[in-house]
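Both complexes below contain chain A, partnered by chain B and then by chain C.
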Partner chain A sequence: MNTPKQNCLTGACPPIISRNMHTIKLSEGSGGREMQSLISEVRKRFPETSAWNNLRDDAATFPIGKEKHIVFTSDSYVVTPIFFPGGNIGKLAFCGTVNDLAVIGAAPTGLSFSCILEEGFSKDEFFEIIDTIASLSKQTGIPIVTGDTKVVERGGVGKIIINTSGIGITKHILSDPIQVGDRVIVSGGIGEHGTALLAKRFELESSIETDSKPLHEELIATGPFIKQAKDITRGGIAAILNELAEKNDAGIAVEEELIPLHDQVRALTEILGIDAYSLACEGRFVCITSPKNAEKTLSILRKFNPSASDIGKITNEKNVTIQTRYGKTLLAVPSGNIVPRIC
Partner chain B sequence: MNTPKQNCLTGACPPIISRNMHTIKLSEGSGGREMQSLISEVRKRFPETSAWNNLRDDAATFPIGKEKHIVFTSDSYVVTPIFFPGGNIGKLAFCGTVNDLAVIGAAPTGLSFSCILEEGFSKDEFFEIIDTIASLSKQTGIPIVTGDTKVVERGGVGKIIINTSGIGITKHILSDPIQVGDRVIVSGGIGEHGTALLAKRFELESSIETDSKPLHEELIATGPFIKQAKDITRGGIAAILNELAEKNDAGIAVEEELIPLHDQVRALTEILGIDAYSLACEGRFVCITSPKNAEKTLSILRKFNPSASDIGKITNEKNVTIQTRYGKTLLAVPSGNIVPRIC
Partner chain C sequence: MNNSQLISDIKATAANMGEVRIMEVCGGHTNTVMRYGLRNVLPSNIKLISGPGCPVCVTSQRDIDAMIEIALAGIKVATYGDMIQVPGTKMSLADAQNLGADVKMIYSIDQILDETDRVFFAVGFETTTPMTAKLLQNGIKVFSAHKVMPPAMRVLTKEMRLDGFIDPGHVSTIIGSDVWGTMNIPLPQVISGFKPDQLLHSILLLLKLIQNKSTAIINDYPEVVFPQGNIVAQNLIKNTLKSADADWRGIGTIPLSGLTPIDAQLDARIVYANLFKNIESVENTSCRCGEIIRGLAEPKDCPLFGTVCTPQNPQGACMVSASEGACAIAYKYGKSLSEL
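And then the complex of A and B:
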């Protein structure tokens, strides 16, 4: 190979900063500000469509007949390690796609399962993952209906990568307008998935398990009482509250002491110097209800998870604030490499 | 790390063959017999569903209302190199999913685009791929409606991996019963995608480009005249003819001299010692028509591609045979590592 001769004195040397700016960065997949910016650059290039309603969320809807909508979503999973306390990559993939449909108000109808396997990957581990998905499919009645399998050379992808896409059907898209004073409710303790992953990676002692679970039952039960919902994934509750605020052109004010946080999540994130509010969940959602329906919504959610909590309200301030014991401060969209390969 | 002490004389040494059998092999992603066997093992574990009709194809269908069906499909793309003569990984991903819908008889309604990017991947290359997809989306009117972006560490996946899933709608699923004597038609020259990829990998001189293209127009135009169709991908025409024969519990007899093969595909596959019939296409399909409709189907297909050819017929022999100048022989399902990372 010929390496071109470079002479920095004459300006022939490419500027290093500019080259770095033109490559993909880990932070662009972390669920925070950099990822939103990359996704928005991609979206701008794709032609718009009037047939589909893309809610600026992780799913799109398409009307069928007079009363129903198809809901369509897709997610890839690159988590490492692929087995962790309380679950594995298969559980994440199944639940993640079910949840993306459920927060739109859809009953999940069928999922696809595509996997990219690395040559040499243990078949016992592979079939353990398949059996986890099969058992969730049986338990929820949501079938796996199509898929794809690729195999790549050793060192190609790190054991297994999964994509699950899903279709749901709904009569009512959970996308009602919100008002100042509406309540913001979280369905359970936050950051447990991220904490379980980190504890496993750093071999820290902990009994925290991933919170990964299918949320469609909670959302079908609370559907009539809530206006909007969003599952908490990459970027944690901080990212999701900011997305909800921005999407609705509104503000959100939450109170730190009302945000449910397991003692071990608090302890481990303090040890690791990581913000629990930026840490991924895989089985929690935030919903917005009228003040009138807040108590009813909470009482339903608490049957599924006693930690469900009314954490704050919609404001007209166009930002997300958190009331701590030291005063009120902004809860910003996370940025930087929060935790790679978390989901 | 402690390496356990092994004593092969006492039998404590694990048998090498058995260990190899319990890991994923490259051949299990090649589109041939080993892949079919792995997929069938996975399918057996997933619960069955009566709501969906999975045609043992790359797509599943679900009835909506009295007259229509949703068609749903998903595919991952791991091709290397990601740019090749006539296209790139984005073109493959867009066309592959459109084609999986089109061969069921569906008008593609919307696609998802999920990508896994490697830290350090060139943004210029990334946006060239995005622009290819955007331009195909504009040209076909098939929108990208949802998606997902993950970023992994350097060395994690090799630049970019894409998953596209898709939804189509059809009134008539292309799945009519076939009869002995029905004609088997291929929509154009075969093996051109695989040859273009190999020529690029081995730096061989050739003007062959990938055949990757969206097939929905050809299939919408021929839909009323054909009984079944299947796009030719991994495993080439050999795999697809065997799949069609097995699915229909029938046989297929084709004639070598009728199979359209570009001179350079013939030359390059001979140089490389690769069977052209096992080599992937990304923009060709095989369809089955009644003898009465064969001429009409051919004349439509030839408007899209003059190489379209009636290559043989359905038999009652439950195998696939090919008549060569040396006599009639079995055209077997490919096996082994045909060509990895071809799509």
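And then the complex of A and C:
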């Protein structure tokens, strides 16, 4: 039998790749509609538990005594490239889990750190990632308390996959009911993480760095004034606003001119034909406050990030709209993988 | 002129006109229209009809199926981002990649300029053709689904009632503004840029031409579109590609509306013909993409829309491109275009 390669050069080889289509697709991890549908398919197969709450949120909660709740979350991290302007996969893994606890209102008390490494992965790079996590742990006072390491054969996982889980405690779970007219506030410029990765991937010159950072201090400071919060991750602000609207069975109306967008993010996404509102952040959140508390919340957030902005309000329509300088249009949930347009 | 002035001028001009049907040919313009909600600032008698200018949408299912067969045969392929997700009869290139095929998404041809063992699936109009020409010069095999715009525009003016065209800006940077006058298109045209103000300004100019029953062509994007176009790019194309008939998804075969490599040894359609000569490409017969692309039907008129045909499982061209396809946009926004 000829080798497939020889055959193919003459254009005569049969297809050599299996056509079983019932497989996991990349788009099912991209933060859009497909991922949501996969998650709910998984979730509904697991039995519900009576004592745990907020099972569909960023972190689940478990009441202890009358006043407090344990908050628990877990997340896995894969990213290409693993080092990028302003950070690396370790920073994402630390901050991501801290932030999932923080948006529920919890002060994180400790994290686990597990990784799957690939044979041949540079030890220098590995320890650079570890040192990043160590310095964040020191800086925030949130310890790494347990973990696990596995090594797989070359080609198995693309250098490194990290999982972190975290536990925190809160008195006030951030899931208060919202009302029409409540304000929607974003904690800083959006899409910077996604833009930093794209710039590196496409070798475009920019000074944009990842926005990845721990958000627990911002959320603890604003906690008493806000009703709900959600960190902006994959799917960008477009996905997160739609999730918030859907979860609350409400609508959100935002104004484009109020959404903080760094000039370089605007320029690079325009060059690449990518929607900035669908780009990932790793250190930004959206929160909902009463109109009365909006100014207070904003003034606290601006101490952490001057570009924090009140971008819109809760409506009784069941969609997310964006008022541009011209007309009003819908800010839809991203679908498929986020890829550049051709022209 | 600021945008509120532009909008009020458009309203004033349109006030004494009947229904005006303007086609924005280029998918990039459609994207601007949707992105900035321009449809709902225009007076209701101005109908913007999205043309066949989304290169991904008009790539035929047969071409996609052929390319998938090449990829599934274990041959390395590459194409632009948008194209990867477009469904063929049984799957998309993204699905093929998911099954293990080597499908590289590129943004620039620089990424594959020295990969002579990779086949490039070339799509797009005159804007992206020079890059393909460069690959051919470098000895890289190309499966060309390239199309040229004017023949399709001529077909559309015969088939449907249109009052004027917003001509594609980036296509014009390559072919130049003068050449539009030689295309036998019997309607007024304005070459437009892609910023919302530029597009509104071009719409205003076009309305005035329509009002004056003029068939003039105005270059309203002179900062990048020159009368003779980009001669270097034109020569590059002339030396590597030749005219050919092309299949347009939803429209059919249009004579001499495509481009194919001059060098048969670099033409993947010829080199790998055995891989896909026996495949059957089946377009869903209930799909009304052809009419929707030509502005003769709305997404909601199609029996498949939102049921069998969704962005996750598109049946036709209009559901394909998330940012430019009429059905994908309508689905995403939960409304048909006329309501937006």
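As a convention for this text, the second predicted complex is superposed on the first by the 316 of 343 C-alpha atoms of A that agree within 3 Å, B and C clash if a C-alpha of one lies under 4 Å from a C-alpha of the other, contacts with A are read in each partner's own complex, and residues count from 1 in each chain.
The rule is simple: a contact is a pair of C-beta atoms (placed from the backbone, for glycine too) under 8 Å apart; a residue touches a chain by one contact, two chains touch by 3 or more.
Model, not experiment: these values are computed from the prediction.
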Contacts of A:Y326 with chain B and chain C, given as first, second, both or neither: second
Chain B versus chain C as contact partner of A:G158, first or second or both or neither: first
First (chain B), second (chain C), both or neither touched by A:F202: second
First (chain B), second (chain C), both or neither touched by A:L272: second
Chain B versus chain C as contact partner of A:L26, first or second or both or neither: both
Touching partner for A:D58 - first (chain B), second (chain C), both, neither: first
Which of chain B and chain C A:E217 touches, first, second, both or neither: neither
When both partners are placed on the shared chain, which of chain B and chain C touches more of chain A: B
Common interface positions of chain A, toward chain B and toward chain C: 21, 23-27, 340-341
Chain B residues touching chain A - in the complex, by the definition given at the top: 21-30, 35, 38-39, 41-42, 45-49, 51-52, 54, 58-60, 62, 64-65, 68, 70, 72-78, 109-110, 112-124, 126-127, 130-131, 133-134, 137-138, 143-153, 155-158, 161, 163, 165, 167, 169, 340-341
Chain A to chain C touching residues, read off their complex: 4-5, 8, 10-21, 23-27, 33-34, 202, 272-273, 275, 319, 322-330, 332-333, 335-337, 339-343
Contact footprint of chain A on chain C as seen in their complex: 3, 7, 26-28, 31, 34-41, 55-56, 69, 71-75, 80-85, 90-91, 94-101, 105, 107-108, 123-125, 127-128, 170, 196, 200, 271-275, 311-312, 321-324, 332-334, 340
